[in-house]
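Have a look at this one.
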Amino acid sequence: MKLSARNVLKGKVVSVEKGTTTAHVKIEIANGQTVTSSITNESVDALGLTVGAEAYAVIKSSDVIIAVD
Amino acid sequence: MKLSARNVLKGKVVSVEKGTTTAHVKIEIANGQTVTSSITNESVDALGLTVGAEAYAVIKSSDVIIAVD
Amino acid sequence: MKLSARNVLKGKVVSVEKGTTTAHVKIEIANGQTVTSSITNESVDALGLTVGAEAYAVIKSSDVIIAVD
Amino acid sequence: MKLSARNVLKGKVVSVEKGTTTAHVKIEIANGQTVTSSITNESVDALGLTVGAEAYAVIKSSDVIIAVD
Amino acid sequence: MKLSARNVLKGKVVSVEKGTTTAHVKIEIANGQTVTSSITNESVDALGLTVGAEAYAVIKSSDVIIAVD
Amino acid sequence: MKLSARNVLKGKVVSVEKGTTTAHVKIEIANGQTVTSSITNESVDALGLTVGAEAYAVIKSSDVIIAVD
C-alpha cells in the first residue's frame, strides 16, 4: 500500500501505554529521536504493537508545523 | 516557549516551494530523513524560511498514525 | 502495510484537480457518497492518481467530528 | 449551519464507548461501512449521542490521506 | 446542527484570499484577535464567504496545542 | 521560538482535567471565550499547567473549519 502522506518515518516501538480508550506509543526513529503517537487502544491490538516491533510513524504534511528559534 | 506538542524534530531546511497561497517546506532531520510540511506562504515570510536555515518540525501526537508491514 | 487509522474507505477516483502546490482529489465510496481529499501535487504524481483508479480514503479517528441535526 | 468541511457523511450511531476523558463513537454510513470518531466525553453528552441516533461524520479534506494498493 | 467540536468561535470575515485550489480566510473574533483558516476555494463559494459576513471558526479540541512562555 | 501556525491565542488556564492518558485543558482567551484542548497528560506535566497560568492556544490554519448560519 502506498500513501499520499509525505512523511513515513521508520523506527522501533520503545513504549506502549494504554489508557481507558486511548494509547500512547513511542517510536524511536533512526537517529535516536523519538516520535510519540496517540492512537486508539483498538489500533494497538489490531496492529499487535509491542515494544521492539518495527513500525512507521506516518504524518500528513498539512499536520507539520515549522518553528524557528 | 514550551509546547504541548510531543514531537519537536530539529533539522535544516532543504527546500522551500511557494504556491499561490500554500508552500511546501522540507526539513532534513538528523539521520538524513526528510520531513515535508505544508504551510501558508505568509508563514514562510514571517519565519524567514530559506534553504540552509535551522528549523524544527513540530507535530502533535494525535496527528501521528502508526503503520506496520 | 497495516495502519492504526481506523477509517480506510475504499472507492474510485472521480476527479483530480491540481493547483500550484496542492491538489484536490475526490473518491466515490461504495454508496455514491464522495470524499474530498486535499493532498500535495507531489503525492498525486507519486501514487499515479488518475480518474477511474481504485483508491482508499484514510482518516484518523481523532480527525472525525460528529454532528447531529 | 453550513460547514466548509467538504465531507459530511450521514449515518447512524452503532456504538458509543466512553473512556475517562475521551470517547470512541462509531457511525455506520449508508453502504455498511463504519466510521470511527474519537471525541471528548463532554461532546457525547452535549450531543446526546446514543446507539441508533442519526448523526454525521464531518471530515475536513486536509485530514484525508489517499492510499493505493 | 450541533457539533462535537468543542471550539466554535463567532466572528466576522475580514479577508478572503483565493489561491489556485486553496483559500485563506481570516475571521476577527470578538476581542480583535484574528483566526486564519485554510480551506478549499470550493468551500468559499459554497458558503458564499465575503468580507463582512458573520462566520464561525470551528476547531476540534485535539487540534489545539498549548504553549507557555 | 516562532511558529508557522497562524493562530496563537493568548489566555489563562481555567481548567485541567486529566484522564488515564489524555487531558482536557480549557483556556479563557481575552474576550471571555474559552478554547478547549485535548493533550497528553505528559504534556500537562511537562508544561506545569495549572489553573490560573498564562498560556497560548496554538492552532494550524489547516485545522480551522469555517461555518455560517
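Letters A, B, C, D, E and F mark the chains in the order given here, with residues in each chain numbered from 1 onward.
The rule we apply is simple: a contact is a pair of C-beta atoms (placed from the backbone, for glycine too) under 8 Å apart; a residue touches a chain by one contact, two chains touch by 3 or more.
Being a predicted model, the structure only gives us computed values, none of them experimental.
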Among all chains, whose Cα centre is located farthest from the one for chain A? E
Between chain F and chain E, is it the same set of residue numbers doing the touching on each side, over half shared, or a different set? same
Using mean CA coordinates as chain centres, what's the gap between chain D and chain E in Å? 21
Just give me the whole-number Å value for how far the CA centre of chain A lies from that of chain B. 17
Check: chain B positions touching at least 2 other chains come out as 1-6, 19-20, 22, 24, 36-40, 42-43, 47, 56, 58, 60-63, 65-69
Where on chain A is chain D touching in the complex? 1-5, 19-22, 40, 42, 58, 60, 62
Give the list of chain E residues in touch with chain B in this complex. 17-20, 22-24, 36, 38, 62-63, 65-69
Which residues, counting only chain E, touch chain F once they are in their complex? 3, 5-9, 24-25, 27, 29-31, 33, 35-39, 43, 47-49, 53-69
